[in-house]
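Look for subunit A in each of the two complexes below; its partner is subunit B in the first and subunit C in the second.
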Partner chain A sequence: MIEAVAFYLFATLVIAAGALTVLVRNPVHSVLWLIVAFFNAAGLMVLVGAEFIAMLLVIVYVGAIAVLFLFVVMMLDIDFAALRAGFVRYLPLGALLALVLAAEMVFAIAAWTAGGIDLGARIAPTPAAKPNIEAVGALLYTHYLFVFEAAGLVLLVALIGAVVLTQRKRGGGRPQNAAKQIARRPEDAVRNIDAPVGEGIEL
Partner chain B sequence: MTEWFQGVFGFGLGWFLATLSLILLIALPLMLAVAMIIYADRKIWAAMALRRGPNVVGPWGLLQSFADGLKVFLQETIIPSAANRGLFLIAPIITFTVALVAWAVIPFADGWVLADINVGLLYILAVSSLGVYGVIISGWASNSKYPFYSALRASAQMISYEVSIGFVLISVVLWAGTFNLSGIVLAQQGLYGFLNGFGFNPLLFPMAVVFLISSMAETARTPFDLTEAESELVAGYQTEYSSMSFALFWLGEYANVLLMCGLNAILFWGGWLPPVDWAPLYLVPGIIWFFIKIFVFFFIFSWVKATVPRYRYDQLMRLGWKIFLPISLLWVFLVSGFLMLTRYGGVL
Partner chain C sequence: MTYAASLALTLPEMILAGGALVLLMIAAFAGDRSARAVHWLAVALIAAAGLALLGPAGNGGDAFGGLYRADPFAAFAKLLIYVAAAVSLAMAPDFFARDTTGGPQGQLRAEYPVLILLSAVGMGMMVSAVDLLTLYVGLELQNLVAYILASFMRNNTRSAEAGLKYFVLSALASGILLYGISLLYGFTATTGFDGIAAAVATQVEGGGLGAGTLIGLVFLLAGIAFKIAAVPFHMWTPDIYEGSPTPVTGFFASAPKVAAMALFVRVTVEALGPATDAWRQIIIFAALASILLGAFGAIGQGNIKRMLAYSSINNIGFALIGLAAGTEAGVAAVMSYMAIYIAMTLGSFLVVLQMRDADGRPIETIASLSGLSQSRRGLAAAFAIFMFSLAGIPPLLGFWAKFLVFDAAVAAGLWPLAAIGIAASVISAFYYLKIVKTMYFDDPAPAYAPANSVLEGGLIALAATAVSPLGYFAVPALGVVTASAARALF
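After this line comes the complex of A and B, so read on.
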């Protein structure tokens, strides 16, 4: 019984928070609702016995990605009137997207009722005593090793691409050299001079 | 305890009541510990600055924190008119709640843990990454420039140091072979036959140092308290807060510091185990050893706060990204390579 209550609680909150993410006017509130949705999705993951994925969802999406979203959105100077002006122009595209998604959902539900895929059994590791992490690790580093490494390579390319795009030559920069600064002693920079009266000193 | 409650009240209700009382059993002493540790903190700084510290309220000033608590409780909560009211009030609650929630998986002694889950360490990482939201939201909702600067600094700082903390945790997990915090503590028993603690292992000791420094940065303690640098940002994200909303930040911050001290003890110095694997030392209850270790780490935190000047922001970022990240990444390679050679039977 408690599982059903928990499921409907998390599921309702995911849907409600997702809807509010789209509907709320203030973009910062919108990101915060998105975080609530992530959280409840993590709760759903715990319910199907995928506690590792649940924790990863919180660490990666809530802890890192949503923070960066929030970071960017908070610094934006958003003109709400300009945002609303585009509504009619994007309406056909939005309607089309909604139609496609609805059609996909109908297909998915139809396929589900037709039977065949037992999702719940696939998510949970087969021997119940085996921790999630071991099950995922054993599969990821043996069966799917090359796919996994290819995914890593794609991320690496994206990383290098971002660095190349943002790094441009700027003249006149004086980057800090910490080792040089630490190696500098008072003797290198300071001279004690007994200046003769009326003559001054050469620098 | 759960069995006793279930015997009296039936299965479901008994479980509920047992969990509730265990939560209270952790949270209430924790609040008391936070009050006393604030007092200890102030006494340690005072001793290092050759001052007396709090010595008026109660014997030796022991009740100072409670007097402060009563004072903020009686003050008026001021909400700036330009602030985003809802978020402004939620932010300190988030900080405080997150600081308490993480204690659910901390083992105080053998088997003394509220939730003995097998992703305990990941749970800690997840919860500690939430701590930044209290700061960001308070900075933005205050609608004032210094809190906002502070929020931006805090988010960049916490994300930076979480990366190296993640790698440090991976080397510990590789060695222990589990994410369960009790399992990690038990894996440290009997190093070289007589020591308890990964920190005594020369391969893991550098990681213990990196983790100690990163945990100071993660809790934004001096020398990494750029988020509330009073000479630049008034009081950082707490500038617009008063009364209980300020006190919640304060309590949450110290609960987080205690949590980080506890994590240092659990991950590297044997948690509830005595430092030396010698039978008479086991007569002392595990919880006493754990508290002693927490206090030793708290003393180090306090010592550093009293003596080390604040970092500049670019130095902070340099330390996180250019020094700690490469070192901890290299150590993940070293540790996994060493384990592959010794524990898992050579190459392939």
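After this line comes the complex of A and C, so read on.
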């Protein structure tokens, strides 16, 4: 009972948020709706027992990608009047796209009712007693350890590449030299001047 | 198998990866002053990795539960890769130091050898991969290094452009490859080569390859064909070879080509062996198209690096003829071809490195080679040897390489393919001979800066000797080694 309620709640919200992502005029609101859609999709994943994918959706999509989108959108200089222009001009193309999407949905539903594509069995079936995050982790750190470490090297190369291609010495910077600051003595930095009354001093 | 045993089988990669991390630390703390020392340390590490191939890493079987295989085939490919990587390290420091736009040190930076070492790790994984995941990660490791190296001279717009172009096109090819991998996994239920071969054999016996498997196969081969620059996935090659710094171009044309070719051979023979009829037609098309496009494309080129790019496309086509045969002799011929090819290619690029004006700026036009036989007799003779050898003219070793692949193709009943290949090699002989003619019979152009590197001169002499008729003394040994490498796959 509760599963059914949760499913309909999540599903409705995903669809509503997805629709609003497309329909709202303000791109910032659009991205916010996208985040709502991701959250609810993660909820759906939890319902089908794929907790790991649910976590990935929240961490990767909401945590990183959507926030990145938000920053990009905020930095765009958007002319809202221009957004509304050209509706009639693009109508035929848009209608065509909508038609294609509608046809795809019909195909998808037909294929679904006819039975799924016959994929092979899994290389390592999920053990029933383990949650799937544990199962993924166990496989990743035992059987695929070699590839996992190599993936680490790939990231290291990306890091070196970023430094090699972008870091350069620029003149005019004023970096802090802590050793020099500490080694500086009061007599180098401070001068006592006996300032006569009524006169200025020469520095 | 314990982890210790698995690690022993991957010893060359361990040495290179660990060494690269240590060198990275040296580079980080000692700065670019250490660049030359790091270059030579990297060469020493590559030599150590090569020596490690004599141990269990040379022929020790599967490691990590069937992700990695140490067999004579992988060992031979790794040997070629290490030689090519070491040569491209040896020719780099002087070249980068001469370009003084980047400051008094020039563009000489200590990251170059570190990146080459990490690339060698990736290439070692590629040739030893017996699982699609190892294949993909190794390939990406090598690719990512390649993007950085292509744009290594970041002050040079052509170099930056080459890196960006390579990145965009290669990322697309990686996407296609990954899609092929996912389809193969979906329709064969495994990513291991042995498992895929078993599943494909079942499908073939049960009335032909399934559509999904076939599409996966085509996408996988298309992705790898991009890496070896076989037509129709070659379009990136001339631009990127022209724009990249010359030592990097020499590296691109040698080590990654060997790695991708070995990977191609292993995937087609080990994983897709039961479906030979399905991929043979793809290979035949790619071979013929590469030979013809490489031959015709090179004719109009005025830039020596672009010409050598088309020449590499052409040569890959010839090597693919051996693979199209699909037999043990064919695979041995491919490996022999690659061995001789890297000697000719690295020699040619070492000569290109000598092409610089009195101020030390590199020149890349073919016209500037005019009359080289008068100003630099030895250099002209060496370049002529490489050109004759690339053209496959008989007394030189390049002829033997072509002979082996044609022989394998004819033995497998593909004589029309061999006939077209021989006819096309006559076309490609035209532009190789044109260079020889420019050097020996044209009016002299301004002379190049005098040679100042004994090492480069020595390497050119060594490569020229290797591909000269003297190289035939090494042919029996090469035959034995490539035959044992090929036997490991069947």
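Just so we're on the same page, the second predicted complex is superposed on the first by the 121 of 203 C-alpha atoms of A that agree within 3 Å, B and C clash if a C-alpha of one lies under 4 Å from a C-alpha of the other, contacts with A are read in each partner's own complex, and residues count from 1 in each chain.
Note that in this section contacts are C-beta pairs under 8 Å (C-beta built on N, C-alpha and C of every residue); 3 or more make two chains touch, one makes a residue touch a chain.
Since we're looking at a predicted model, the values are computed, not measured.
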(request) For A:Val163, decide between first (touching subunit B), second (touching subunit C), both and neither. (result) second
(request) Check whether A:Ala64 is in contact with subunit B, with subunit C, with both or with neither, and answer first, second, both or neither. (result) first
(request) Name the contact category of A:Ala103: first (subunit B only), second (subunit C only), both, or neither. (result) neither
(message) Tell me the contact category for A:Leu23 with respect to subunit B and subunit C: first, second, both or neither.
(response) neither
(request) Considering only the touch criterion stated at the top, classify A:Leu9 as touching first (subunit B), second (subunit C), both, or neither. (result) neither
(request) For A:Ala95, decide between first (touching subunit B), second (touching subunit C), both and neither. (result) neither
(message) Per the contact definition in the header, classify A:Ala138: touching subunit B only (first), subunit C only (second), both, or neither.
(response) neither
(message) On the A-aligned overlay, A:Val72 touches which partner chain: subunit B = first, subunit C = second, or both, or neither?
(response) neither
(request) Would you please give the residues of subunit A that touch subunit B in one complex and also touch subunit C in the other complex? (result) none
(request) Going by the contact rule at the top, pick out the subunit A residues touching subunit B in the complex. (result) 2, 28-29, 32, 35, 51-52, 55-56, 58-59, 62-64, 67-68, 70-71, 74-75, 131-133, 176, 178
(message) Could you list, by residue number, the parts of subunit B that touch subunit A in their complex?
(response) 12, 87, 117-119, 122-123, 125-126, 129-130, 132-133, 136-137, 140, 148, 151-152, 155-156, 159, 162, 178-179, 314, 318
(request) Can you check the complex and tell me which residues of subunit A touch subunit C? (result) 117, 119-123, 143-147, 150-151, 153-154, 156-158, 160-161, 163-165
(request) Note which residues of subunit C are touching subunit A in the complex, please. (result) 3, 6, 10, 17, 24, 63-65, 67-68, 109, 111, 114-115, 118, 121-122, 125, 131, 133-134, 137-138, 140-141, 144-145, 147-148, 151-152, 154, 163, 185-191, 199, 212
